[in-house]
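Take a look at the structures listed below.
Each of the next two complexes has subunit A plus one other chain: subunit B in the first, subunit C in the second.
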Partner chain A sequence: MDIKDFIAPFAVWKRAFEKPFTVKKPIDERPGAPRYRGFHINDAERCVGCGTCEAICMNKAIDLVPVEGREAKEGDSGLRPRVDYGRCCWCALCVDICPSGSLNMSNEYLWIDSDPDVFRYTPGVDKKPWDGAELGYRRAEGYRLLDEQRVPMAELGHREAVKSFLELVQGYSRAQAEKEADRCVSCGLCIASCPAHMDIPGYIKAVREGDLDTGLRLLYETNPFPEACGRICTHLCEGACSIGTGGDPVAIRWLKRYIADQVELSAYAKALPRAEPSVGKKVAVVGAGPGGLSAAYYLALLGYEVKVYEKDGEAGGMLRYGIPEYRLPYPALDKDIGYIESLGVTIKRGVAIGKDLSLSDLRRDYHAVYLSTGLPVAYGLEVPGDKHPRVLDGVAVLAAATRGEELGLGKRVAVIGGGNVAMDAARTALRHGAAVDILYRRREEDMPADADEIREAKAEGARLIEKSIPVEVKDAAGALAGKAALFVWNEAEMVQKEEGKRPVPEAIPGALREELYDSIIAAIGQGPDLSYVTEEDGVPMKRFKPLVDARGMASPGASPKGGAIFAGGDLVNDRKDAISAIADGHRAALSIDRHLSGKGA
Partner chain B sequence: MDATSFAEALDFAIGREKAAVDFYRELAALASFAVQRSTLKEFMTMEEGHVAMLSAMKARGGLELSSAIAVDLGLAKALAADEKPAAGMSFQDILVAAVKKEERSGELYVSLAAASLNPEAKAVFERLVAEESRHKRYFEELYEAHIARDN
Partner chain C sequence: MNELATRLAARYGARGWHDQRADLATIVLDADRLRDALAYLRDQEGYRHLSFATAIDNIERGVFTLVYTLRSHDKGHSLIVHADIDRQKPVVDSIHLLWAQAWTYQREMKEWYGIDFPGSPRVDEEFVLEGWEGPPMMRRDFDSLAYSDATYAERPGRATSDPARHMKEQLYPEAAE
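Moving on to the complex of A and B:
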């Protein structure tokens, strides 16, 4: 036995009348370690309410809850995480996974209250003393549970690209697609931002699990153009992707394309729903673009007999005649259209309503008519000399390229405008061997074209001349008269003339410039051709646009003269992109069904 | 125009607005399809409203027009000089005609205000300059939103 064993009981007495250590040394002198996992802090402005923290929490200590004064918007659910400290184990997985990095922890650990309910609160919303704490647990620099970078997409090099109309984007392999799909956290923020509200997390999960039939079925629930949209969609979904708050957004568009590419057209019928038995009613669709054909697809599924009237020789609308094949190869588009036709939809190609048939003919012969004729009229430059034979319209140039016609653009081409038509026209001209200038009235950041399109047009060799106001087109002199033209523009500066409005380009006095071009392609905007609608059709119109109600209905019909008229797509909406036209077509199909069947009337 | 009084100045302005109504009526007569006519009718109704407004002011003997001049977007200057729309006129053709018409009216009132010796008439014309600037701005905004979306 050791001597200490005898002394120890007496040593206890030595401390018996001292105050406990914790009383002598107050707690506020004992802060948590710098990286202690204390109570949560959340930057509510940076947080997008994706719910990844909620999903990863093993104790179900986090709920996404509505917050007063915060509304849902694109890329933000408007919800914020509420933490229940009765359940939290301070593991900090929520911090590690948070895509935006808004969720962190303070090093505060002391919180005394007799009310147990207060220990469930919404960090960053319910004010706490540790809000904004600099110390506490943070995700270590460079450490991410999520992969910040998307799987790179193989693309033709720019030098190679301009030599042909071969498709630029090569598509993902199975391994690449599954790896990219793994980056998705299924938060669903993308669904709200997609005009067609596609089940994006659902089809990405299908990619991850290798279940492409399910993926295809989910795509077709709201979009019968997966091949086309998998290539040229404006992909608003990626702008809303929560993963994009801390890295590259998930390549949603390419994953959609992957599913459609992998399933043969002959196998579609096995994966997709069959059409309902015939309801004995007929619907006419005017315009075989993405909107018109989407309406046709969903109507055919519902058992309607659908005939689509298309003025051009081929179906597809702007997808075929406005988008070059290096972005959307015709076989891919034909696959989408082929499946729609396989359901019994008839496309009458080369039949113009207003010329070969009238709208009143359709109203007489069909129970309902859907107008989806888009914006085929190219607007002009409206400057002196704009009727010069070398001033061409961008839509016509792209259509001629689709038809395989000789464009004869020459060696020097100016493209006027900053939208997607301008970028496509410029890149088409580059592929025809021309040197191309893109002249835009405002700045590059104001251009309405997709950022990818602008970047690629420049990378392929187009020269962008910003802040250039068109002034005049003059005929070339001498032997070039009638064969080339001088484009005159005024250099501009952007002037903030009114607070809260976007700056206005203002001509700099005397800063006139001119260049000689073989072709000047005007691509400043397009409008509708509504010459086929008469007053007798009863379609209310304002400022060259049919007025429709929330169902897409323009005229109720039900008169002896004929069926109801619905309208949608670029003709009606302000987004002017394929996915919005597809969404309009889907909505119209459901509305027409409700209208004709009396459901929900 | 030898406008020497408030009433005469307003009569002149009412006459200009009536001419604007006729301008759209003539274009509507040229139109070949419904959406052209509905658009022109909308603009014509707007001009009729101006006639009624000015007539009411004349009857009341007081000018109730704002003196705030709208910011010039510079679009009217950039658009080609008059080209009378034809039967197949597009929305662009109609809006260009409208912008140029408002521009001409504004310039006329500027000249009249400068030439007027009668302070009453001068004040009327100055207010009309501001009014026309707002009309021009209205059509320029329509042009920016509907026509030159990509430029």
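Moving on to the complex of A and C:
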């Protein structure tokens, strides 16, 4: 026998005080693996109730349910997913797809109860011991079922852009549009945020499936200006997009444009509904902007004879005279308007109500009148010297640019204001070769203009002077008198005057600045021109706005005095954008139909 | 390792050697050479340990891919052998005579994918799915929802809401249809 055989048994003693490899029984704790797929957890604050988890679940284990104390709001349905563990197979696709990343799984897998109905709960709402678990299944870093980035849009470079009025945004190709449409999960959170409540998931699906006729038909159900809105819409929908909670929102506006761009005007009639047979009634619309023409379109579809009165030489309103052609080229706008006219809508261009015809004439000759005259009158600077000949009005400058007139802005231009009109005026001046300063009384983040517009105006070379309160316009001295003006402003600081309200600019004593400009463009807001409405029309007013009821009706009217008056658009609503005017026009058309046909009145 | 790849290619038509890591490689074989090649790897090349066997349903290509993980403890190297079999005729040689424990994996694959290993002990017995009468559930064309609907009663009290419709009811019920 070998000596080793005696020693070996004692050798194991050297391990006597080490941690044993064996497991102690009974086992009290059985933690799941760190990435174990256990019961769901959901960050109910981050969740937007889009239902993508429900849609992807192979076993229909997830329901979207209303939750007490959680209301629907912009970009959040207020619903939350409830999981039925009688159906769940723990595949975690719901976690992998969740756009916001709010839905995850804990590594808890032990839960014993004799009541089968408890195994159905709303994570993050019904309290559970594993809420907030650090461990459990999470989407792996860099692993996304949804594309976080939108398909990039080709745009003119800023250097190139300021040389001409060429359209900046070049539009998607078919491959790009279908790829972008593929990012949409059809949750429909966007619909509520759109003033016109367009069927956005519907038309994106049509893009995905290459069925553009269906896409166009869905667009026209709620919006007869797809070419215009596909370019310049304020796209509130994109702010509500669930995909935007974990990446770029779907490029809804560009997809709308893609549909309208792809279908030839001559092919519209094939895709879109025909007008109903004539009902033998006439409606007049005052103002051929997007709101007035929308009302005209839907009224024509319903069988009304519609005449639109437009004071300017061309139809389109602010879309034509306010928005420069590098954002909305005239042929695109003409396509939208052309289709509306092809339905038999007559547009009387160059006829001003209150001058060439009176509102009471219209009330006498028509069964109803829709007022959609917008906000054509620019506010003045209201500082000493603001009547100087070099102080121009932003809306007038943009309209003159549209009419192709010589603007004669000069080399140094100041634009006063922070809205979209200010940005458009600044960028128009840049395209005429001027050096442009934008002066705004608050900070950049307070500017009401779209963020894109501000960013692009700056990128194209406009200088932004924030916190500048206009004080005075002084005539230039010497040879420049009457040809240039000194703009005087007071530097300001932002002061929080009232808790919870936005801070206000307050002039810093003595901090006066002045600069010499060839033109000073005031773009600080616009008001309505309601001089054509007389007392006998019976339109109630409040703060220079016609007061309308939920149907858009301003004055019921009664024969023989005349037809009812409806009003909408910028003239009435607070949003003051094209899509809201379009929504108002659509609503007014339906209300006028109900009113005149006696349906549901 | 490339010498081994060459030898396997020459003897068994193996192809597609791919180094996954320094100590892990994959290779592809025809299924009818599988048992011979595994025997060779075990007896001549030192891959004596069958550490794992499973299958992948590559439904797009109409095949099940069998996966055998072998380990050579001398070389400190693992080799994964892949072999496709027709999804319509899922039968393959049993290797339980090479590695006795293989029958367990094979019984599992029979139950989960419906892949048959003729001669493998107890291959037709239930593995983990007691009382299962449906189609093999790891096949990717197994419709778990249709199976659940057909097999189990609907639980009362379930209801769901469509986000867009719910938001309309809550936020703008006045909108015209």
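Note that in this section the second predicted complex is superposed on the first by the 572 of 601 C-alpha atoms of A that agree within 3 Å, B and C clash if a C-alpha of one lies under 4 Å from a C-alpha of the other, contacts with A are read in each partner's own complex, and residues count from 1 in each chain.
As a convention for this text, a residue touches a chain if its C-beta (ideal position, glycine included) is under 8 Å from a C-beta of that chain, and two chains touch if they have at least 3 such contacts.
It should be emphasised that the depicted structure is a prediction, and the values quoted were computed from it without experimental measurement.
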{"item": "First, second, both or neither for A:G51, with subunit B first and subunit C second", "value": "second"}
{"item": "First, second, both or neither for A:P470, with subunit B first and subunit C second", "value": "first"}
{"item": "More subunit A residues in contact - subunit B or subunit C", "value": "B"}
{"item": "Touching partner for A:V65 - first (subunit B), second (subunit C), both, neither", "value": "second"}
{"item": "First, second, both or neither for A:H197, with subunit B first and subunit C second", "value": "second"}
{"item": "Which superposed partner A:L79 touches (first subunit B, second subunit C, both, neither)", "value": "second"}
{"item": "On subunit A, the residue positions that both subunit B and subunit C contact, one per complex", "value": "none"}
{"item": "Touching residues on subunit B, where the partner in the complex is subunit A", "value": "32-35, 37-39, 42, 71, 73-74, 77-81, 88, 90-92, 96, 142, 146-151"}
{"item": "Of subunit A, residues touching subunit C in the complex", "value": "49-51, 54, 58-60, 63-66, 71-73, 77-79, 84, 86-87, 89, 117, 120, 187-189, 191-192, 197, 201, 550, 587, 590"}
{"item": "Residues on subunit A engaged by subunit B in the complex (per definition of touch)", "value": "377, 379-380, 382-384, 386, 416-422, 440-441, 448-449, 469-471, 497-498, 504-507, 523-525, 527-528, 530-535, 537, 539-544, 576"}
{"item": "Interfacial residue positions of subunit C with respect to subunit A in the complex", "value": "144-145, 148, 152, 155, 157-164, 166-168, 170-172, 174-176"}
